[in-house]
Structure formats: structure tokens, C-alpha cells
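As written, the chain order gives the labels A, B, C and D, with residue 1 at the start of each chain.
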Amino acid sequence: MTTRKARPMRITHRSGAVLATASIAVLLVTGCTRGESAGGPGSDGASPGITDDSISIGISSPLSGPTAGPGSCTVAGLAAYIGAKNADGGFEFGDGQTRQVEFTYLDDVYDPARAVSNFRQLTNDGIFAYVGALGTPTNAAVMPIAEEEEVPQVLLTTGARTFSEDADAHPWTTGFLPTYVTEGRSFGELLVDAGQPITVATLAQNDDFGESYLDGFNEAIDGSQVEIVASATYEPTDTTLDSQVTELAASGADVLLSAVSVTPLQVGVLTKAQSLGWLPRVFLPSNTSTPGTILEPGGAAAYPGVYTPSFSKNPNSPAFAEDEDVQAYNAAFEEYGSQIAATYTPHCAWSYAEGAVLEQAFAGMEEPTRDSFMESLRSITDFQAPMLLDGITVDTTSSDESGISTVQLVRYDAATGGYGPVDGY
Amino acid sequence: MSYFVQVVVDGLSNGAIYAALALAIVLVFRATGLVNFAQGGMAVAATFVAYALVRAGVPVLAALLAAVVAGFALGALLERGVMRHFERGEPDTAIVATIALLLLLTGGSAFFFGYEPHPFPSLFPNRTFEVLGVFVSLRSVGTIVVLLAVMAGLQLLFRSTKLGLAMRAVADNPESSALSALPVSRLLMVGWGLAAALGAIAGVLVAPQLFISPGMLDFVLVYALAAAILGGLDSPVGAVVAAAFIGVAESLAGAYVDIVGDDLKIAVPFLAVMVILVLRPQGLFGKKTTVRV
Amino acid sequence: MSLLELEDVRASYGHADVLHGISLTLPDNGATGLLGANGAGKTTTLRAISGMVRTTGRVLFEGRDISGLGPDRTAALGIAHVPEGRGTLGQLTVRENLLVGAYRRKDKAAVSADLDYCLDLFPNLAERIRSHAAALSGGEQQMLAVGRAFMAKPRVMLLDEASLGLAPSTARRVYDAVVRLRQEAQVAMVVVEQNANLAFSVVDDATVLETGRVALHGTSSELLGMDAVRRAYLGG
Amino acid sequence: MATASGTAPATAPATTAPRRRSPLVRLAALLGGLALAVVLVVAPLVSSPFINYQLSSIMVFAVALLGLNVVMGYTGQVSLGQSAFLGLGAYVTAYGVVQGWPLWLSLVLSAALPATVGMLVALAAARLRGLALAMITIALPIVGVPLARRLDEFTGGSQGQVVSFLRAPETTGLANDQWRYYVVTVIAVVVFVLVRNLVRGRVGRSFAVVKENEAVALSMGVSPYRTKVLAFTIASLLGGLAGFMYLAVVQYTSPETLVFATSINLVAAMVIGGSASIVGTVLGALYYVLVPVVAGQVSSSRTALISGAVLLAVLFVLPAGLASLPRRVGGRLRRRTPAAEGAPATPDPDGTAPAVPTPAAASTDRR
């Protein structure tokens, strides 16, 4: 850089460049003009994106970059459910029509500006609803536009509170996953129920995910004998959490709440703590507790107990090999999802379940309008969606909770390599 | 006391990760005079070769050797096929070309293996031993030993071999080197090849900890760049010392300085690098060169 | 047989032709000069010989057509080009620069002897053997450039503006060394030089170039006898 | 960023001499400019909110890239921290809106605060060169992201902040997307005119000299240090302004706005557009905004591969950026018609030699 070639950059062909700019602008403009978006109203009074035999939905998730693994899964699971259902004849609607679902997905690289761009593009192309997108900042950026333009932004694959805590303020937005608060609370409740003094060390991602987790946990343990004696945070971009674990291990706490959402880091936490001779009971969040990718590499069998909140079936677990849902999922995923997501994360199963919830909402939709869709979507109760654990049901009627508002705590059983029921602390 | 030492040890094992990639950056800089943003992407691609082999049942060590060979070939190929086109032009253009390569390599790796991280077996047994109340993992020790060997090898290459001398000459002034009968294009290819092969070693060393994914080294690259530049860019020893410094400074700041905390501990080494560079622009181990006009 | 022969060599940069057909002959162990105004094509002629520009026509070295070979190939054959601006390797030490010159040679003992000879030729370099080339003075850098070219054990050396920017006494010392190299090491020379006094201290004959063409050729004494040449190059 | 060796040739920097153009070319340029102006004014009225969003984004990133071009393209200093100023500008604006400041104050501060930060960093670092300087600029987004999370009272933390402002006044009869487009376009046009004049004037010449060779700059009485500080300050000012525009268009900001990857992408877009070129800056912004859209159209799950391939392909064909396209095409055409030749200046390999009269007499002697 200290030496730069002497090369006068003389770009004086302004006329040419101006023309180039102008022509691109013209190209843009002719792309679509105002007020006549593609896929316009099908029949009288119908909302955009729906005709008598089709409905189009869209999603923008990170499909490249560091969050692309879960991001791809949010697309792939939904694509699997829709693909299988379409092949099976289509979705039945409350207005008596059967429609094929057209599914469009775009990559936003976890960049809010690009998510907004994608959302605008999708609505411009005439989607009926925006379904299942992953990511807190990306969805937060989209939310005000969805509200303003009254486009359903629903069943978001995120546990952030923002999207579910106030249905009156955001009538067009719904979250799907149990909020991180719910997950954190479930841990707290288990410890409080034990009725004895317990010390806890917490490790949380330095963002909404980690904070919500701790909020829920703190809420539950308030006034009890459970006490947090050490806490640390980390950045998702950190390469290892060794120093945080060392810091926490020095406390010798009974329990480690490890609200870590990055796979290699979570494995690192499990290996590091035991290498320091610290063997607490460990609480892991639902998105980083898969036995095959986290617990086995992390040597979780060494710990006296590894717990996680669960609400979905793991299609790779031998425990569910005979399960009908799982078999249907595996067949559909193989056919329609595997090209989109190469590796399994729980988001694949979750977004597959979203497909089923969507089907429910369609079934209750009496008019081909977004209003009718939202009304139907917000009145689902006690729905046992496929891939959700028995007893975990979808309830969309609450104005301050997401679609799934309960979790089951499960405990890792190294002998079977899967999770089993929890019988107290 | 043992807590302090433990924090330092943790910092060092982090530093080892940064150092691994920093050495590759130094190598390619000494061989071509260019900073290569695709260095991490090349290392990951080569490491994926090892990953595929390990999955097919090949022992880790053999897979490492294959990755080194594959890395060399990849580096040489990219130099010959892509970078050669930009070597005589504006340096900015060449750098952006390496950014393009990074995108392509990342996208290509993801095409075959997806973006999700996969576990990767370690060359060293996954055991920890205790010395005076401090826990040290065998993997970190192994990584550090290999790194020191690589560093010594590089130092030897540049200081005491004809090839190293020729590579430095080409990086310094390719045109003038050609006039001394140096086979410039072949040396540039070898330089890229060696750097990528070294990247493969780095990748295989750190993959057990970071898990292998297309973006495995994206953020490590930032630390590695900082280490390489702080170390003076052309000094393998400097890069390793600087990487260790960055790792330890970060670890200590997170553990002992409350106001910094875990979230801002990354700022400490970077601010330190800033201060050191302002006071000593040539880096810790760089040689000051007076430039005459 | 002549050592180096140019036959109707033409070269261009982009769309602009710089050489319009140059022919030259250099006998074994000869020394010839290239004179001419700024932009006449002297440097380009040297670059054409060492393969740094694309040319048409033929360049024969020891009877073999070397046109089309790159600079590293011509250098390997025994053509040592000391480029304008010296081209020393700034980040390398003086010693390393000299060893780079000897890159192709396998005769270690002879290389070491030549290194000693070189340092004897340029005592300044011996003093600064461990310094970075970038830290040397202009004169020392020029000496280093000549020394590095010599270390390749060339048959012919192409010397481009070796006195440029140097104090007269320093330039003199550089040329004294060049004269010694020609006599003691039997290196033939093609010398491009603005300072004709220095040039004529080395060369036997010279060619005057004008806008890419050979305008005039003659022995040193012939050329010195011409008023026009003297006026143009010797300030007379 | 690349070599750290030797000295640059001590040639005088090329001062861009105003090129005389034929009246016809001038007329064409004028008409082209006029057409562009008409398109810029009319486009948002007829196009959809999606297109207006893209057009507005192009304005936003054009200003951010212009700043980057001032420091990198014109002054030759690598900056890998432009995203930090973009983010800071957006945060300052968001804070102002939330606090209920008048909009003009937010606008001024969104430029002034990043400019101050940029200047302070430059004051400390501008004595450095090359990679050492680049390293310091890398630190800005790297430290900025966790800092933005930490200061959540001001920034909204990792959740980010939805900021609703710049709604279209009733009287205009415009929709919000149109109104916001006009606002950012006016800012962008003003900024481009100012910077264009700056880089063509005395300051621009000192930028060019410093880019060529700092030692020569010193000998010409131009302080490389002060010039670099100035360039960095302008770059961060424009980055901050782009942050204001970003918030106006996206209506949301979070730590993601200032991530390092954005800086890298901006550098790539700047070089792709054309280093040290005003037109190139605009083309770079077009590239920055549109390529991801196009890649998404081709294949949403292969965007990295597609962007990488496009980037490399453009670099191969047009190493000097998209702005050099007309010149390249022109060059091709000219090569076919030899009559038009002779105009381009040719490199002079003997250029450093002192001028000596040609021995014309001697040459005629021989003929």
C-alpha cells in the first residue's frame, strides 16, 4: 500500500456513464410500476397473492453466512411440508377451495437492510403472507413495514419476545417458537421445585437471546433459595469460550445455565468445564442440545445431568424411528427440503410444524383475504402439530405469547443416546 | 494464582488459533507482497478435503497430509488461474480479487458441505492434565507445539534457504527479480501453494475446536490479520508472539477488568494493537526501513 | 560470431510504436553504447533484448533467436540487465541482493569467490553488507545493482542510465568498476548513458537512436569527431 | 494493503487536465444529465415501493461509497472501517428522533459526530501507512459492534431500534417511500456535487499527490498527515450521513448495520465501481444494491457463489472498475479505426531522463 503505481485514473466519459446509469434506472422502473403488483387480486375482494387455485407465500432467511445453517432449515422444513401437501393435492381452505401453495424464499445474510429489501420484493411480487422467517434483527426491521402495509408476517422461527408479546400493537405479526423467556423460566422452575439451596453459574450470549433466557430464569427463581453466583457473557463471534468457562468454574456452582446458541461454542463449553474438573448439572437451550452434534462431541455423559427444554421430535433420534410424524417428515424432507438445507438443525422440524399450522389457518379461512387469514391463524387452539412432542400444542389465541408457549424439560440419557423424562432435580 | 495462570493458559490456546492463520498470512505476504483475504477460505476448503477423507475412514494424520497436498494444489491453481491476472495492476484490485475468491470458496464449500458446523476429530487425544492446579488440554499443547515447529520451519525457509530468499526477492520486486533469472511466476505459485498448504495445517489444527464450517475462519481472520500486522507482517516469530499477546490480553481483560467484561474484551487487544502501531508503525518484530525517494 | 545481434527489432506500448526497426551488433566481449534523446527508444531497446517488452524482428544471442523469451529466461542465458532506477530489492540486505543475483548458479565455491570479488570491486558495499538495500544511498544502490548483475556471471550486461541522479565522483566510481568488469571478468556491455563522457570511457562504439530508429552508428572516435554529437552529448 | 516495499517512482502526480470536448459530446453529456435528472424525479412516482426502496438504497450506499472513495480511491489509504461510521450515523439519527430533536439537528449531528470520531482516530493514526493504518480502521467495526450492544440505552442493544420518521407530509400527496426517496436523493445529489468539486480542486490535487508518494507530497509542501486526516474526516462524515439516509430508508438500525463484513463489501463495491471516480461510485452503489437482488433471483441458496463469480468476472474484464467500461469499449472501437489514434498519451519509458536536444543534424547526415 505504501507503493501505488502512478496511474492517473481519468474517467471522463461521463456521457457514457450517465447513459449507463439512466438505462439501469429505466430498467428498474419498467420492472414494476406502482399499484399493479404482480399476482394481483384473484377474485373480487381477494387480497394479493391468492387465486382460486393458488396462494403464494414467501420467506427471507439467512441462506449464506454464519447463520445459514438454521436459516436454511427454516426454509427447508417449510418447503418439505408444503411440497408434500401440494403433491398430495393441495391445501384445503375454509372457503371450500383447494389451493396449491407457491413458496418463494430469499437470502438476507442476517442483514436487516437486505431483509427489508427482500420483504419489499416479495410483496411486490405479490405474496399473500410472509411466513416463518428466522432472525431477531431481520424480523424486527420488517415488522413495521408489515404492520403498515398489513401483510401477515407470521409464525416467525424466533423466540424473541418482540414478535409475540403484544398482539394489539402488532396485529400482523406472530412468533412461533416458545420464547427464550419461556425456556429460561422452565429451568428456574425446576430448580425452585427442588426446594433446596442451589448455586448457579450463567453463561449467556450478549444479545436478546441471552438476555431473555436470563430474564425468564431470574423471574422464576426470584425469592427462592436458588442463587446465581457467577455470570459471564460472550459474543457470537468469539472463537472459544474457554476463559468464560474458567471464570465460571472458579465459582464451583452446582448448576451451569449455558445459554449459548452457537454449536461449536456449546461443545467447547461442555469439554472445557469437565477438563477443569467442574461437573455441574448443565442446562442447555433447545437450539443447541442435539445429542449427535452437541452432547456426544462435548462428552456430556460426564455430567451428573444435562437438561434441555424440548418441544419437538428429533428425526434422527432412534427413539422416534418408528414415529409416524417422523417418517412422514423424513420422506418429505428427502424429497423437497434436502437440497435447501444440507444439515439438520431443530429449525428444520420446527418450520415443518409451521407448515401444519399454516394448513390449519388456511382451513379456517372463510374468505380469500389477509384479514380472514389472520383471524383464522389467531384462533387455533390445542393443535397437536406434527413433529411437536406429545402434549406440546399450538395455541395462537393469547395476545402476549407465541404459538408454542410450553416446553417439556428433558434429561439426557447417555445410555440410549437420547433424551428421557425428568424426575425432579 | 492458579486462576491467573489458568486464564493465561486459556488465552494462549486462543492465541494459538490466531497464530495458525497469521503464519499463513505472513507466508503469502512474504511470498507475494499481498494480503490475502481468501486465506481463511482456502484453509477451510483444504480442511474440508481432510474432513471428507476422515468421514470415509482415513486416519486423521493421513487426511492432514492429503489436505496439505490439496491445499498446495489449490493455492498454486488460484495463483495461476486468478491472481496472476491482477499481480501487476492496482493493489486494491488484487485485494478485492481475494475477497471474490473468499466468497467463491465459502460458497463452494457450502455447496458441498452446507453451512452448519461439523465436528472434526483431533490429531491429539482429547485429554487434559493438571499442573499445579492449572488444567491444560493436550490438544492445545499439541497445537502449540506444531505451530512452533511450523514457525521455526518458516523462519528457516526465509532466512536460510535459496527458495526462501528467492520468494522474498519476488515479493519485493518481481520485475527486478526476473532480471536476476528468478522464475517469478513459478515462485509466486509456490508461495501461494505453500501458504495454502500451511492454511490446511492451521485448519486441521483448529477445526476440532471450532468445528468445520465454511465460515470457520472468517472471524479468526480478523484476529490473525491483527496478529500478523502487529508482528510486523514479515516475521513468523513476530506473528506468533503477537497472536499469543492478543489471546492473553483478551483473556485477562475479560477476567479481571470488570468494566470491560466479556462483551468488550475484544476491544482490549485491538486498542493495544492501535497504540503499539501508532508508537511503532513497523510492528513488534518488523524492521524499520528508511525509504529514500 | 557476434555475441548479440538485433535484426529489425520493433516494439510498441499499447498503440504507440516505440521502436521502428533497430539493428545492432555486439561482438564477444565488446562494449557498445546507445545514445539518443529522451524518448528515442534506448531503454526500450534494452528491454527488448532482455524480453521485457514484446517485439517483432529477431534478437540473436550467441547465434540463437531469443526473441519471445521472458526476462527470467534471457537472464538465465547470460544477459544481465541493470534496469533504470536500479531495481534493488529494498527489503533484502546487500548480501542477500548479491546472492539473489547468483540464484541460477550451482557452483558454490565460485559464487563465494565472485562475492568476494564483488565486494573488492565495491568496498562501500562490503561495509554495508548487512544493511537493507533500501537504506543505501543512491550511489551504493547503483553499485549493488551492478554487483547483483555481475553475480549472475553474465556474458553481457545491459546498463541503463547508471549515472542518473549520482554525484559526478560517485558516477565515475561506478563506471570505473564497469570498466574493470569488462576487462577482468570479460563481460560484454551495452550501455545506455546520458553522460557521454562516462559512456565513452567504456564503449568501443555507439549507436545514436532517434524516435525509435537508428540514426547513426560509429566508433567512439568517429562519433566524438562529429560536431553534432559533441554538441548534443558532451556539452561542447 | 499490498506491498510494503521500496519507493514509488518519483514522478509528478497526474493532475487531471480538463479535457477539451467537442460541442457535440458536451451536448450529449448535457442531454444525458438532463435525462438522468428527469428519471430521478419521475421514477419514484411510477414505480412500486420495492423499486423505490432499491433506488433509495442505492443513494444511501452511493454516499457511503463516496466517502470510502475519498479516502481509498483518491487518497490511497485503505479503510476497512466505513461500516462503523454508517452505523454511528444511523444510531445518532435514531437517538435524535427518539429524543424528539428537530430533524435538521439529527441530520447535522449524524454527520458531525462520526466526522469527529473519524478525525480523532485519524489524528492518532494518520502517520501510519498501508496495512498498519488498515488495521486500525478494522478495529472500528470490530469494537463498535459489542459497544453498540453494551450501550443499549442509546442504541436499543442487540434487538435494534425501529425508528419511524420522515413520513410524507400530507400536503405533498406522496407516499412514504416516495417522500423518503426524494429526501435521500436530494442529500445524495448535494453531497456528490460538493465532493466532485472538492476532488477536482486544490484539495483533490493534494489527495492525489499523497496517493502517489508521500515524500514527494512533502517536497511539494503538502502535508501527507494533514491530508490524510482530512480525507478520513470527510470519509467518516459521509459515512455518518449515509447512516442518516440508511435510517430514513430502512427505518431500523441494529449492531448488524456496522458489522465488519459490510466494510469489506463496501470496499469491493468501490473497486468494482471505479477507484477515484465519481461515476464509478454511483456504479459501485448500483452493484452493491442490485447484485444480491439478482443473485437471489438466480438461486437463493447459492448467493455467495454467485456474488463471488460476478465480482471476479467484473474484475477480470474491467480491472479499473465499471466506470472504465466506456473507455474500454471506446478503446476497442478506436483500435479498429486508426484515424482516431494518437490521442491517448503513451507511457514514456525514457521519461526520467533530462531533456536533451535531438541531434537532428546527425540524423540527416546518415540518410
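Convention: contacts are C-beta pairs under 8 Å (C-beta built on N, C-alpha and C of every residue); 3 or more make two chains touch, one makes a residue touch a chain.
As the structure is a computational prediction, the values presented were derived from the model and not from experiment.
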Common touching chains of chain D and chain C: B
Most widely separated chain from chain B, with each centre as the mean of CA atoms: C
Chains most often in contact, by C-beta pairs: A-D
Note: chain C sits from chain B at a C-alpha centroid distance in Å of 42
Per the centroid of Cα atoms for each chain, what is the distance between chain A and chain C, given in Å? 71
Whole-angstrom distance, CA centroid of chain B to CA centroid of chain D, is 31
Here the gap between chain A and chain B, centre to centre from mean Cα coordinates and rounded to Å, is 34
Multi-partner residues of chain A (each touching 2 or more other chains): 1-2, 4-5, 64-65, 72, 206, 235, 237
Going by residue number, chain C touches two or more other chains at 89-91, 134
Multi-partner residues of chain D (each touching 2 or more other chains): 1-7, 9, 78, 129, 131, 134, 146, 149, 275, 303-304, 320
Chain C - residues contacting chain B, complex: 50, 52, 70-73, 75-76, 80-83, 87-92, 96, 99-101, 103-104, 132, 134-135, 137-138, 148-149, 152
Residues on chain B engaged by chain A in the complex (per definition of touch): 3, 6-7, 10-11, 13-14, 17-18, 89-91, 106-107, 110, 113-119, 126, 128, 130, 135, 137, 209-211, 213, 215, 218-220, 223, 250-251, 254-255, 261-263, 266, 291
Going by the contact rule set out above, which residues of chain A touch chain D in the complex? 1-6, 8-22, 24-26, 28-29, 31-35, 37, 63-65, 72, 75, 105-107, 109-114, 116-118, 120-121, 123-124, 136-137, 140-141, 143-145, 148-149, 160, 162, 206-208, 211, 235, 237, 339-340
Sort out for me which residues of chain D touch chain A in the complex. 1-9, 11, 13-14, 16, 19, 25, 28-29, 32-33, 35-36, 39-40, 43, 45-51, 53-55, 57, 73, 76-78, 129-131, 133-134, 145-146, 149, 157-160, 162, 164, 176, 211-212, 246, 250-257, 261-262, 274-277, 279-280, 282-283, 286, 289-290, 292-293, 295-296, 300-301, 303-304, 320, 322-327, 329-330
For a test of understanding, state which residues of chain A touch chain B in their complex under the given definition. 1-2, 4-5, 7, 64-66, 68-69, 71-72, 206, 232-235, 237-240, 242-244, 246-247, 250, 263-264, 267-268, 271, 275-277, 293, 297, 299, 341-345
